[in-house]
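Working notes, beginning with the structure itself.
A, B, C, D and E are the chain letters, set down in written order, and residue numbers restart from 1 in every chain.
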């Protein structure tokens, strides 16, 4: 590979302790190999419960793989992945901070002084459409609003690697589009590496350079990868293009059976 | 009459600090089996202080108390009918000492001093007040610190936190032995009491509610007999005799100290078990001086002590 | 909750009922042959005094001003015990919660220390710290410390794992985690313990004075006990109670200030 | 945490260091002219005894068996105080947390009661409950109750509003809410307070015995104090400490059993 | 209306206290009128933060409207709506119960004995594809798995009224389909009334009898309603039918501008 490898997952397996003490460990993902080069936007799609979040946790250094290695910019990862920003699937805002402070904290941590951090946070809130909600505490926001605050919190730090776990899940189609464009803007500015988990195959294709499909768990693996040959910038109408349709159909065919398989496997797993 | 059976052979007795030498006759009576000899089964409850044992008596959870005679006077003022039946200590045994390195050579010099007492409002406190009053000082002329009657009293004196202290044995003996203090007034000896009170001043007594005495005359008599025997035994005992009788634990702190303290304390125990008229007056005078409530009350001293049981015990011997 | 006025009325009502029971129990003899052959006071004034006497004494103490000096000393001790104990509990609690090894090693010793009867420790404190206020403060600290410590320790460990993961991914150092995550998250726990601790700080100070001192409310109570002046004892306790309410109100005010971010507590069914 | 063996070694090490300090402090005179003209013991054995003497005495007490009777009584009182106080604290805590009006009305009275010095209350308990174990139990209960109460109260109020809404939409009655929502949610809080409470139950029992009784460890400590027998005092405290560890281990075992559902506490940075 | 009205929202306005004490209250929805007849499946679509969850909370009796009345089966609602089952947008599983117990609790509460409740819960877990995960605690499940446990928890009680707030949000397309069919099965069996919040317009059209569109907040109102004239049963290929496309385009046109408007409004709101 000519380009520098931003995130390298080599032969990663991840296991969780079994439900009871006696039970054997539950292997979530097994033998996953995935290389993400600098400036690449990879979307990960897969049936629910297949191990997408688990994989992101491993890339973030929050979970230690049972076997295999994680490399970040070529160096084996020990401890946390400090180069990455991670938007969690679950709620992770600080309930005791207002929306504004939740966004500003990412900068403050890095030593930016409070006034500047807040000014920039205010701009970011406006970008995600929440300028009027700066003083709200998280419990006073709607689900989609909380997610957008989380998005701003991660993006304001401008990390070189972005790990995003269903960032646009609770957003309507229109807002999704706006947020997607925001993300692409940032990404194209300085060649960030993005790992983007989504359930929406269309979204995956319209945003990513490469779409990675994971198989049904347990012991899920990567069952297919597709480069997206559509040139950028892609506008909203990209979904109507034949290349898009073609790719969509192809990936969908691979994906469809996995879910049904997952249903069948889950009966015997764990 | 020895055939008479006790109305209440099982009874509970309260005391505020049983290991204190002040209450030695109780330990002697218990350990020498004098209660058993009388056919009594006495359960001894130890309290955090004399006041708490008295409260337990009034509350009805114990039958009799070995405590200070002054309690009987105070209770009369409060409308509680308490009567003492035998005197155990004829002198208070309280000693007023001052640190050697302070310019306090007599009670007069206590003006402005910080004086340790076992507890505020206790008899050790009144003892200093009484002495000061005799020398023309007011209670307010000094400040008082409660230091208890244990090791911490010794510690505070040694550290110099207090200038003088009114306390009991073994605290005093310990300080004397270590050469830290000089004695200003000593109520453990006959001569000392003569100087301070002009005579006796009853200390520990056995008291109970008058109801109890009336309803259980035989039991009361047997109790008094037992204590009387203990007093007789103490009359001739040496410190070593005492050490041999008391529980081993009492000696564990420091045996020499214990022997010395017993030696110093032996004179305070009552010889006859009877409180002389003079002693009662002395006790009342000391109280009245500082307690406005008592000053206002009319105390009938005759009601505080019933000597008939002691007389019978002495006669039986 | 209807409104402040109704609430206040109800509170006063409770006080009135309690005082009425006390009053009648201690001034009117009842005759229940089953319990006692003679008529007796349900609440013997020898032990309980009477409310009138207690209020009168309390009023007099304030009026003549003798109480202020003692009250001042006790409050000073209480505040110091509370401040030092709570601070210590918070710091050590945080420290233990973040250093699992240290916590595991010292765990049995902390628990042993918590079980030592303070009454027995009082002489040792008096020995080390003298008879001034510091030995009383130390006694209060030994009570406050453990209450706060155990709660802060638990509070820090209760931080949501996702939240912590997020904070760490945002690049927070251990110190920043403290300030931005553990501290606010443990605040509820801490304040819960502070409400208990306020009372215990006062208890510690008073017990310390009771066991050896020259001033303070505990000293006065002890003095009153020595001469069987129950009215004095109860008056002392009344003053104590009043002041703990005042201190606790302060704590609550700070709590409400610091915890504005919380959703209103779950409504009633 | 490395492993159990390392941990145990470290724990023993701490004990050894503490005992060594005590030992040398109380048996070797030092000469620091600045502090005292004469050579002196840093920890005067007159006040601190020596570890050897204390262990010897403790061993002898167990060996001859005299201690068992007293220990049995104290433990019985402790258990009862703990059980009754914790139960009361839990029940009243739940009740107050669910009835906002009652909580608001009684709030100041609970706080006042928490601030009453227990030492002063002892005679009243003796009056009502006699001199047997129950007056000591009562003293322990007054300590345990408040610690548990404040935590359970807060714990119930901390239940997540969404969770509560869900439970109510599932049709739970107030009793079912208690069992399925409030109780498990308040458990962490409760156990945190129980760790403090174990120690305080013992303290209450011992202080009760200390203030008036005929048996128990507090009684023995009181006796030893009266005759300057520091060795006896420390030996009594040592026995107390050992037993609190045993009780606390039991509490922890129950805690781990009941809280299996919790995610492992957030990892260390 | 011939059919009985299951849920009636009349002129509902809902306000929240302002961010600070001085601020004026924030009006989330205003003057909303919505009638849901027995056996009707209504989908609610609207831009993020417009007040969909708020409306569901009002129908559930969890929020008291500032003005207007909520009627349930013709009776004004006081307190909780006991006839309804509510799947919350946020996580609401009991963390101290296993997946199985979380599902069984709905029956146990109603007095079913534990053994039977568990047996039936087991069946329900299998239906949502989680048979193998019965012994897991919620924190050991993936986001989509948790949502499905929640779904089973609500459905097992077989309530007459279903309030569902983005029930299929974190699920992949395939699983969504399966869950959707499950829901339709139940619904058609005994004419439940369903209020279904979603961001996916296609999902709304393919599932619902009627699609309700809400405007952007604050003071959001209903800006349009469309009956879905496509006959049932609708299979997967319904999305390819012209009627579907036509309706989609129509609703989309109405919806599209709302988000942009929302962005503009949010700058001045609160």
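The definition used in the following text is that a contact is a pair of C-beta atoms (placed from the backbone, for glycine too) under 8 Å apart; a residue touches a chain by one contact, two chains touch by 3 or more.
Everything numeric in this text was worked out from a predicted model, so none of it was measured.
Graph distance from subunit C to subunit E, where chains that touch are one step apart, equals 2.
By number of C-beta pairs in contact, chains C-D lead all other pairings. For the pair subunit B and subunit D, the distance between mean C-alpha positions equals 36 Å. Distance between subunit A and subunit D, defined via averaged C-alpha coordinates, is recorded as 49 Å. In whole angstrom, the spacing between the mean C-alpha positions of subunit D and subunit E is 50. Distance between subunit C and subunit D, defined via averaged C-alpha coordinates, is recorded as 16 Å. For subunit E, the set of residues that touch two or more other chains comprises 90-91, 98, 139. Residue positions 55, 59, 150-151, 155 of subunit B are each in touch with at least two other chains. Along subunit C, residues 44, 47, 123-124, 127, 161, 165, 168, 210, 225, 263 each make contact with two or more other chains.
Every residue of subunit E that touches subunit A in the complex is listed here, in rising order: 16, 19-20, 45-49, 51, 53-54, 89-91, 98, 126, 129-133, 135-136, 140-145, 148, 166, 169-175, 178, 199-201, 255-256, 258-260, 262-263, 266-270.
Contact residues on subunit B toward subunit C in their complex (touch as defined above): 51, 54-55, 58-59, 74-75, 78, 80, 114, 119-122, 125, 143-148, 150-152, 155-156, 159, 161-162, 291, 293.
Subunit D meets subunit E in the complex at residues 162-163, 165-173, 176, 180-181, 184-185, 187, 259, 261-263. Those residues of subunit C that touch subunit D in the complex are listed here as 1-2, 7, 10-11, 14-15, 18, 44, 47-48, 98-101, 104-106, 108-109, 111-120, 123-124, 127, 146-147, 150-151, 153-154, 157-161, 164-165, 168, 174, 177, 188-189, 191-193, 195-196, 198-200, 202-203, 206-207, 210, 218, 221, 225, 233, 236-237, 240-245, 248, 263, 265-266, 268-269.
Considering their complex, residues 60, 62, 80-82, 84-86, 88, 90-98, 105-106, 109-110, 137, 139, 153, 157 of subunit A touch subunit C.
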